[in-house]
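After this come two complexes, each holding chain A, first together with chain B and then together with chain C.
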Partner chain A sequence: MTTRVAFRRAAAAIVAASLALQSVSLVVAHSPDPPISWPLFEADDVLQFRWKEGEVPPLKMRDAVVAAAADAAASVASRAPTIAYASGGASTVEYGPNVFCGVNGLACADGWHAPDHFHVAFRTHGHQFDWGRLWWCQLQSTITNGCYDVENVALDEFGHVLGLGHHVNYGDESDYLDAVVQTFSRARPKAGWNADKYGRCDVAKLQLRYDMVNSARKYSTCLDLATALSLAASDTSIRIGDTVTFTATVKVADSAGYERLRANAVSERKVVLERRLPGSVSWTTVATMPASTLASGTYQINVSPTVSYEWRGYFLKPADEGLRASSSAPFVVTVSGCASQPCPQISVESTQQEAER
Partner chain B sequence: MNSSRAVHSVVVLAIGVAVGACTAAAPPSASTSPPSPSPSAIEAVATPAPTPTVAGESVVPATPAAVSNAPFAFLVIGADRHTGKVGGFTFGRYSESAPWLPATALDSINVASGAELRVELDERGTIDGWAARIATAADVTADAVVGLAEGRGPAAAFDAPSAGDWVVSVTITYGGGLGSGAYFWHLVAK
Partner chain C sequence: MSLRRRIDTLGPPLLAAAAIAVLVAPAIAGSPRARMHGPATIRAASGPMALSACRPEPRPAARAEAVLVGAAWYRLDPVLDDAGGLDGQRLVVGRVGRRGAFELPLGVESFASGPAGGRILVGNDNGRRSTLRILDVGKRCASVVHEGPDLIRRAVFDPSGYGIVEFRLDRSSRADLGVWSRPLDGTNPRRLLEPLAPNSRIGSVFATELSWSADGQRLVVKSCGETFCLARILDRSSGRVMTVDDHRVGEAIGLVGDELVAYGGCPWLPCEIVAMNLKTGRVRDLAPMAGLAAVHVTDAGAVVVFEDFELRGSLRVVGLDGMALRTLPLETGLRLVPASDRALAGIELPAGVIALAAGSRPSRSLVPATFVNIADGRRVPAAEVVR
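Coming up: the complex of A and B.
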């Protein structure tokens, strides 16, 4: 090892140690993107944009912007508006040396006319900033490190249009990939430079602001929503051999902070029916409750108990979405003597099985 | 919260009271070092327009011109005020994308390691929350960025980093739900 290499390694170690000592955890980070402070466009709306006259982007940039609009539509996972190109669109996308971006902005958006229309602008390929020269990857004949991906940057700008502010990251930016709408734009080849779909914390805020498409869609894992489970029985005092229909209803908790998601029905998840002897501590799972056609978020099962039990429903936290587990308030179904002899054993049958008989 | 953070919070709170009083009285253009902001910083804040802010409400500035530029931010070191350069931000009805600003785009500021640093905004903005990050000046794309400190407004204060050549970025969440912006300074700590 040469003296110079040894010195460099020592210096690098000192810098690394110094950074580690100074590092702190940013506890306010890592939640859904904050809202941007302009009026929200209508859910399910279609926002059409055109190229601004006299400031039309080059063909390859136009293609990338249109692709970004498609990326947005494909990844919002909510009722957020769709953004699409149309020659007569009310909104504009522009490109050139005199766009309305500030001194350090490689691209920008304004929502001054929201919720009617928006403006997005891209700075010219080759523009010289204080921080360096801007290269758009799509406009390079040979893509080089340090270029910016038009599609990714356009997706960021469209995220602002849809109502997203910059994601609040951890101090070390280790959660950068959780959002496309970011304070620090990244050039090739840094992780996230060409992300072409919204991150989970972008999606979380879009879901909060615009609502889900339907009750079966998955909630972003960047959310942590409490749920409320209620359980009802068709009868709470029966004779042995009688059948009780248990109906569970799962909803997102009715919390103001949940914006448009509050009290949403939650369908096509796993809800189990549990029982225990009165006075007992532990619960025993009886069966998974099949989805009911009664209403969104309902689950139903028929049971013929032979003993008096306490019953409750339990909603299991899905592994791949931001919903918490919940259980219903327990209640007793009292079972008295047989309606007919001999007394039957316990059976568990779903509504569907009952219907098939 | 660990003890050092707890102590830090108390210090920040105490400073916040003092800074809050000072901010109300001192005009934000009272820069002492360097004597004037860089040309690009001047261009970025050509005509700052006073904007009333109501706590807890989103108050959008009255004109498009007022939202085209983020508020000025100043790094206060003792009696000196250093204008920061803004990178990516959203403010009012405007948003801008920019990268981590490298040291080459910033004027260098000498500072004593451990010195108290405060960040203040001009009259168009208040601080609801803030987070300071650092990367070495040689790390132009902030590949090894780390969190330095964070806190809630109305004041933003933290200690200067250990000896070295650093770029410090402070991301400020503006009060009144007006957005957030990243400001940069190049610090040479000794």
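Coming up: the complex of A and C.
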């Protein structure tokens, strides 16, 4: 639909691919929102919009649109661009009939010129559709059921600008509140009519497309990302009393489908060190591995084993984010003799806190 | 016979209808709320002026296909109240290369279609009654062809020249009442299409638009929900109705023979353009990433012209077989003028000519605007054809 940038063949190819995926409805219900067909804006960019000359929305609509931009910035939970009003902004928000909206829809977005600028248009208050007249709640003197919330619809349109397609809901729409960017908008008072922050499946796609702010931020629970845990020991053949430093590294799996999240370091989560006697089946948790300052996504602990064990790291699935559990490949640390008498019992030295036993 | 040529035959029946219709009274400097109920008032740059009743007369000679100067155009613009709410619409009407565009105030529930044969079909509803009028742009006259309690939401000329096809809603519930054919000889309308059954894929119907196939033999009824569309195609000779309710086929762009040209399943632009063969159901891609698009019939056959997302600043012309025919430059600031339902505007173009305009809609000045011959890319800026 409308504005759009200098053409970049590579970007178009990516877009074409995503469009093809979308058009054949490969998106599974309740997964992250599908991508939209125009190029992405740059991560961390600030997209400034102005009111289009001659098609300036009414004051209360302008206030709601500005609020939606703030809502977006506060809830993208990713490096998605920030959208903000500025009188000299390159992008525009307009009000009135506009050809790029087509014959239907409450509002529309146009990212044709991404990553330079975008357009968003809102139908006029009182626009006549087949089903009746469109009333924007903010423009009503007395808010009535059946009106649409400008802030919510603007958040939806900004979601499109940022690259989100319409969320694919379950058939019964029981997951409707997981996304603001929806095929069917809801009027007051249906649940979600005035949602003012992105839902977890909106956020999931924004994270996939733009990456996380840092390695400690939580992944949306609408994601289900495999993780990869590696564990290394400073020495695998020691004498009793020696100390081994175990270093675990947790990353998002290196999968192309994970877009910008692939191989991301995962910091400040819970990783435990486990051991078992060679040949046994069950694992025993030795300690929680504190975060290391070595690098993002690393956890480290010092252990002085007295017996030869198999060791592995285990990344526990966080209850509040979309990461799967993973474990490292096990390996044996062989312990022989004693460096001193009497032989010490197993001990754990945490670099940051007392380790759990 | 081309659609445009068929429309040229509208003359006699429309003029006959005009003779029996309620004619438009002399001008009054009506308030915007008058909006074509009772006397119609038009507004020119110099102020209000009369839109006279059309008088019966012999059918005018058809304009040569290649003539662009004097071709009728219109656009609908919103009229807002002080709070920014929609208070009505303003129909701006003019002729390419001619001065003296004029305006008509309309109500919120109003529409226009055409132009065809220099005429524009205008519908208006005041909440109690709907009125259909035919404006003869060149003569600046109007004929009321219908006024009654039925809520007429959309209407288009029947290319046979003997009637109007209209889409109706129930006035109180706004339930679909189907598509009707209204002869211009005063006989009773008859229903062509039943109301659209509820459809969960498209949800509530936001817009229903009517158009004709290039040969004028099939009526395309496009029904769009908030995001997705379906199309029903009525073959006027057999009465057979085909419904295209397919996630691969979105908003219809045009129908040529058995080929329905439409956007793909995406609800936004750019979007792929596809062609569905109505006999086989086969859907094939015509363009991967298109912006605004239009179907035109040229001497060399039907083509799709579209804004090419991959070749920025260009229009691409492809045949219905998907073969790329040519690329046309698209100047900065100009966009393709699409079909009237999408543009809320229309220009009566000669066959094989497309219009480019700022905002993809004709404007009072028609500048900047350009007309392009699809076959050779020759351009004729409107400003240069003023006579």
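Keep in mind that, in the parts below, the second predicted complex is superposed on the first by the 319 of 357 C-alpha atoms of A that agree within 3 Å, B and C clash if a C-alpha of one lies under 4 Å from a C-alpha of the other, contacts with A are read in each partner's own complex, and residues count from 1 in each chain.
The rule we apply is simple: a residue touches a chain if its C-beta (ideal position, glycine included) is under 8 Å from a C-beta of that chain, and two chains touch if they have at least 3 such contacts.
Only a predicted model underlies this, so the values are computations on that prediction, with no experimental measurement involved.
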{"item": "First (chain B), second (chain C), both or neither touched by A:Y170", "value": "first"}
{"item": "First, second, both or neither for A:P57, with chain B first and chain C second", "value": "second"}
{"item": "First (chain B), second (chain C), both or neither touched by A:I36", "value": "both"}
{"item": "Which of chain B and chain C A:H127 touches, first, second, both or neither", "value": "second"}
{"item": "First, second, both or neither for A:A107, with chain B first and chain C second", "value": "first"}
{"item": "Touching partner for A:A187 - first (chain B), second (chain C), both, neither", "value": "first"}
{"item": "Touched partner set for A:P97, first chain B, second chain C, both or neither", "value": "second"}
{"item": "Chain B versus chain C as contact partner of A:V153, first or second or both or neither", "value": "first"}
{"item": "Which of chain B and chain C A:P330 touches, first, second, both or neither", "value": "neither"}
{"item": "Residues of chain A that lie at the interface with chain B and also at the interface with chain C", "value": "15-16, 19, 22-23, 25, 36-38, 100, 102-106, 108-110, 112, 129-132, 160, 166, 183-185"}
{"item": "Sites on chain A touched by chain C in the complex", "value": "1-2, 4-7, 9, 12, 15-16, 19, 22-23, 25, 36-38, 57-59, 61, 95-100, 102-106, 108-110, 112, 124-133, 139, 160, 166, 183-185"}
{"item": "Interface residues, chain A side, partner chain B - complex", "value": "15-16, 18-29, 34-38, 100-112, 114, 129-132, 153, 156-157, 160, 165-166, 168, 170-173, 182-187, 190"}
{"item": "Chain A-facing residues of chain B, complex", "value": "5, 38, 40-41, 43-44, 58, 60, 64, 67-70, 85-90, 92-102, 104-105, 129, 131, 133-134, 136, 141-150, 161-162, 164, 171, 173, 176-182"}
{"item": "Touching residues on chain C, where the partner in the complex is chain A", "value": "76-78, 80, 83-87, 108-109, 153, 169, 174, 176, 203-209, 222, 224-229, 247-248, 251, 264-272, 288-289, 291-292, 309-313, 335, 338, 341-344, 359-361"}
